[in-house]
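Listed below are the structures to be examined.
Two complexes, one shared chain (subunit A), two partners (subunit B, subunit C).
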Partner chain A sequence: MGIINRGTIHLTVFALIVLTFPFWFEYTGGYAGLDTKIIIWAIFALGFDLLLITGYLSFGHAAFFGISAYATGLMLLHYSSNIIEAMIVGVVVSTIAAVIIGFLTLRRTGIYFSVLTLAFGEMFHTAAVSIFSGLTGGENGLTGLPTPTLFGEKMQGSNVFYLCAIFLIIGFYLARRITRSPFGLMLKSLKSNQTRLEYIGINVQFYKNSAFVLSSIYAAVAGSLMVIYEPYVATEFLEWKTSGTLVIMSVMGGVGTLFGPMIGAAFMLYFENVASVFLEEQWLLALGIMFMAIVVYLPGGFVDGYKRMMRHWVKKNQA
Partner chain B sequence: MVNQIFLQIVTGLQLGAIYVLIALGLTLIFGTLGVVNFTHGALFMLGAFSAVIISGNYGFVAAIIIVPPFLFFFGVLMERFIVRFFYDRPHTDQILVTFGFAIVIQETLKWIFGSNNIPFKMPAWGRGILKLHEYVPFLDGFVAYPKWRFILITVSFFTVIALFALLQFTRFGMVIRAGMNDSEILSFLGINITRRFTLVFGLGSMIAGLAGVFAGPVTNVDPGLGMFYLVPSFLVVVIGGMGSLPGAVLASFLLGMAQSFTVSFAGLQAIVVYIVAVVVLLFMPRGLLGKKGVLD
Partner chain C sequence: MSKKHDKSKGLTRRDVLKISAASAVAASTPMFFVKDAWAQKAIGNFPVNGPTVTYGFNVPLTSIYADEGEDELRAYKLAVKHLNNGGGMVETLQPNALKRNGVLGKKVEYVVGDTQTNPDAARTSARRMIERDKVIMFSGGSSSAIAIAQQYLAQELGVIFMCGLTHSNDTTGKDKRRYGFRHFFNAYMTGKALAPILSKEYGKDRRAFHLTADYTWGHTQYQSMKDFTEKEGWTTVDNIMTPVKTTDFSQFLTPILNSDADVLILNHYGKNMNNSLTNAVEFGFKEMQKNGKNMEIVVPLYSRLMAKGAGQKNIEGVLGTTAWNWTQKDDDPGSKAFVETFEKEYGFPPSQAAQTCYVQTIIYSDAVERAGTFYPPAVIKALEGHEFAGTGPGKTLYRAEDHQCFKDMLVVKGKSPSQLKGKYDLLEIVSKVKREDTVYPVDTFPGELGPYEPA
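Our next item is the complex of A and B:
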């Protein structure tokens, strides 16, 4: 097949959709800036999917998003407005936290993991508004950040969009490579039977931790980009609500499909903006009901729904 | 000095009493049905909201009489129409659906009552302070403590006793304990375990409702309440050992004491529960009283 195989076609189409996103997004009722936010959340959700394929459901990924956001914000505020150092520090600090939290939470079953990640995620939120409030600005969040720059260029408007878009395309390429490699197969097999994997001599702990750290690197990149997009760090970034939002969008989109969580992210942010016009504060209630319906009737999310519809359609045409 | 330590112990007991009331239902449902109920905080919140409304209109005694049965009924319906379909599905799906339901309850309450704190008026018999130095000989001078907090400790104490008695000395409790071990064998013996599971879920939910009634006056009653208490109660359940009732009681008071004795260090008090959790998990990954072989 050479260079033109399914992988490159997928990637090219994906890159084209992402890069042209701002041009057609306006016509669908979105406002300028929402597109960048969608891209950032898509990075976050894409990385989360690398963890979800192992069957481990984290309720604490806000921690890595938020830690990276705070680190980036503090670098911009106290060191320089150049984003390269800020992003590197953000991602490194957050990854260190992920290694520690992963070690503590991944030692037992998935149930423990969900409960503990929620708890430790809240630990960072509580710490940020209590003992570290001198550093983080407490409940007000980190304000007064300078406009971030890259090589002297101000990072605003479409500059930020393309920066995020490049990260998403690279992230998607890597995630695709990872899930299709032997390493990725190992991650997927964690979901079915870990005891069996251990008996054939596989270091299960290593793979679990790798998936966790990998997904938190994506979360860290997303958190860092969020601060570059909007130079302000909100305490909400660390709250369970951020983790919950991530879980909801991933599950609604379709776990383990890479595309699904990104579609879920786009859907949720779009729904928040469109539905809140006529549902006002109750859009979250509507979303909660929708989420429950999907968990009950369509555990594979939107992607699974699409596949089922196609199958149904093909069958009908053949008859 | 003695006075201060004594008061801190009482505060620790009082904090632990709230945690116990919430964590009991959580760990009971987990131990019996194997379901991690992310809705449990929301059930507690529903209890507090119904208590504040009922006691505002008909008095506090009416709230004590109505709210726990209401939550029992609510829990039974929730098990019958949502949770039951998830016993055979992966644990992650159970977590997702209960998490979704928690959001639905939370947002519904926010829709009806707004997101502001609803002031909870204590009944006349619960107001005021208790002069402790009149009862405890080794205290010197004047030592007083809010009466309500002792009521909370008492309620919690009797709830724990009643639940243990129910599980240890009745036929129902025996079946439940057997069901915790092996529900399949139990159904082969011709015992309708499904119906008992429903009742256990209702029971757990009822205890959460009771917690809402008695903890309501000493906490904020707003739609953030459920999640605010869910996280420490999860920690209680994990530290105690998942599914272990004595463990939950022990861990509740451990956390309550830890919070009470760090009161002079404001920042530390906020995160001390997490520090305790980290230390316990590092040295005893199963929790204090967790059994070997359960969920490894």
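Our next item is the complex of A and C:
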């Protein structure tokens, strides 16, 4: 096989779609600003999928998103408007939190794990709005941040978009490499039969922790970019609702497919911001019905739907 | 860095599109451009091209302040109707530059967004209006945290934000912005107007316990109420900050029962107040005796919608302040014109939130007419220090230094069921507080407005 294999084509097509996103997005009813937000959430959802392939459903990923967002915000506010230091600190602080939380929660599986992560997530949220409110601005969120800069260039408008797009493309490349490596295979096998892995002498805990920390790094990058895109930290970033939205996005798009959760993120934000205009206050209801329909009739999400359509099409052509 | 491009962003993809479209048009029709489009720098969505101009109304349609949000939206729609066709306060405003054919001859259109009572969602929604729908001004309210978050966005993008209902001192204090304007009164005025009446009604040796919504508005209202009641000789026993999304306040009421407080002050608004007051009444606070006195409940910021939500029996005798009440329609022509047109349109009277949002839309449009342009710095200058009448009782001043309006306000009390003269007649006016009595010096609160042209 030469350089041009399927992986390269996938990656190139993906990069092209992401980089040209702002140009065609306006024709679908989107607008500048929303494209950036979609890219950021796509990074978040992509990382979440790396954890989902191990069969662990975290309900506390908002914690890493939010911690990183607050750390980035505080750096911008008190240290300098340069995003490099702010992003590094955001990601490092959040990763440390992930290592600790992962260590404590990954001993349990299934619903116990989900509930534990939910509890940790809510703990951070409550801490941010109560005991740390002097630092975080409490329920107001962190306001008055300066415009972030990178090498003296202001990070606004399309600058932010391309910054986020580059992170997404690199993130996608890495996620693909990870899932297709022996390491990734190990993560997937965690979902099938953990006990058997343990019996053949594999350090299961190590793989679980790695997946958890990896996905939290994606969340941290996304949280940090969110503050660069919008120099303001909302308490909602830490709230269970953010984690819940992430789960809904992943389920709607298709768990374990890498593409799926990103499509889910794009769909959900598009729906929330564009379609909601026509539906006014009923948009949440419409979204709920759609979610239910997908869970019941299309458990594999949009990606599964696409695959079924392709299969159907191929069959029809063969007949 | 060349300063040629707006917002000094460098060449964005939008610029590329705009420049290529513009050069095509310019090449074919050199006389296309109007003179004054070149006279001023492009800021935000200025210049406004085409026969229409768009306003953005960003209100909470879901979550705890949804009742207010829906009423605000009704008022905005009415204001747009009046701007385009005349009617309402467009007829009573003094001085008045409005022409009843839209604004600067352009028909006014609007777009709506849902803030979900959530600052992050509000900013996303506001961005949509600004970036996609090209609104020249946006407005909305019902939470100070959201108003403040949007004010910063307004300053950043160069689009004027006319605050709807926001009562925190920070909105025109610590977080005041050049591109944000507030017509509504604030917590400081509430404290100043309400405290003397509280001490007159309940005595000077009262002990107050506060429950406070835990965000900017609650914090400043608690501070103002504490300061002004203590000036009257009251003692503040304690305060509990309650999370905004609380629905059951029982856990916070128990400590009050066990304390020696004889007044409960609820620094709550919207559904928060409905729930906390209902819980307090269920706990028997209204019939309770403490320190040999009747236990009293005070709701410093009141509205007719809240009174309705909490139930007439619960609000009976409860004191508070409100910016304006529809029963003032007999007091002045502005209120009368507004209430009558609103009632005709929707079948029931407007709330104070509706009134402030309506006035904000009218006043902004009037400022544009007076400035003769949509150019934001010129409009801001037209609003700053502007004094007007015909939008409610007395004269209203937009103070230049902090963009806070000063006008008359009300101290009100929940009516008892026997006093009611109809479904919407829930509040009894205890005192009409004059503008002069609530004015405070600008340096009461810190903060800077920022530049006229966004950085």
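Things to note:
By definition in this document, the second predicted complex is superposed on the first by the 319 of 319 C-alpha atoms of A that agree within 3 Å, B and C clash if a C-alpha of one lies under 4 Å from a C-alpha of the other, contacts with A are read in each partner's own complex, and residues count from 1 in each chain.
As a working rule, a contact is a pair of C-beta atoms (placed from the backbone, for glycine too) under 8 Å apart; a residue touches a chain by one contact, two chains touch by 3 or more.
Treat the numbers as computed from the prediction; the structure is a model and nothing was measured.
When the two structures are aligned on the shared chain, A:Gly55 is found in touch with subunit B, with no touch to subunit C.
Of the two partner chains, neither subunit B nor subunit C is touched by A:Val13.
Contacts of A:Val314 after superposition: neither subunit B nor subunit C is touched. Within the superposed three-chain model, A:Gly33 lies in touch with subunit C and out of touch with subunit B [touch as defined at top]. Of the two partner chains placed around the shared chain by superposition, subunit C is the only one that A:Pro22 touches, whereas subunit B remains out of contact. When both complexes are overlaid on chain A, the residue A:Val277 reaches subunit C alone and has no touch with subunit B. In the superposed model, A:Trp240 lies in contact with subunit B only, and not with subunit C.
Taken together, the two structures place residues 129-130, 133, 281, 284 of subunit A in contact with subunit B in one case and with subunit C in the other. Touching subunit A in their complex are the following residues of subunit B: 36, 82, 85, 89-93, 95-97, 99-101, 103-104, 107-108, 110-111, 227, 230-231, 234-235, 237-238, 242, 266-268, 270-271, 274, 277-278, 281-282, 285-286, 295-296.
Per the touch definition, subunit A reaches subunit B in the complex via residues 55, 57, 59, 104, 107-112, 114-116, 118-120, 122-123, 126-127, 129-133, 240, 244, 247-248, 251, 281-282, 284-285, 287-289, 291-292, 295-296, 299.
Interface residues of subunit A, counted against subunit C in their complex, comprise 22-23, 26, 29-34, 37, 129-130, 133, 138-141, 143-144, 147, 153-154, 156-159, 230-232, 234, 236-237, 273-274, 276-277, 280-281, 283-284.
Subunit C contributes residues 7-10, 12-14, 61-62, 66, 111-114, 118-121, 123-125, 127-128, 131-132, 145, 148-149, 152-153, 156, 175, 214-216, 219, 241, 243-244, 455 to its touches with subunit A in the complex.
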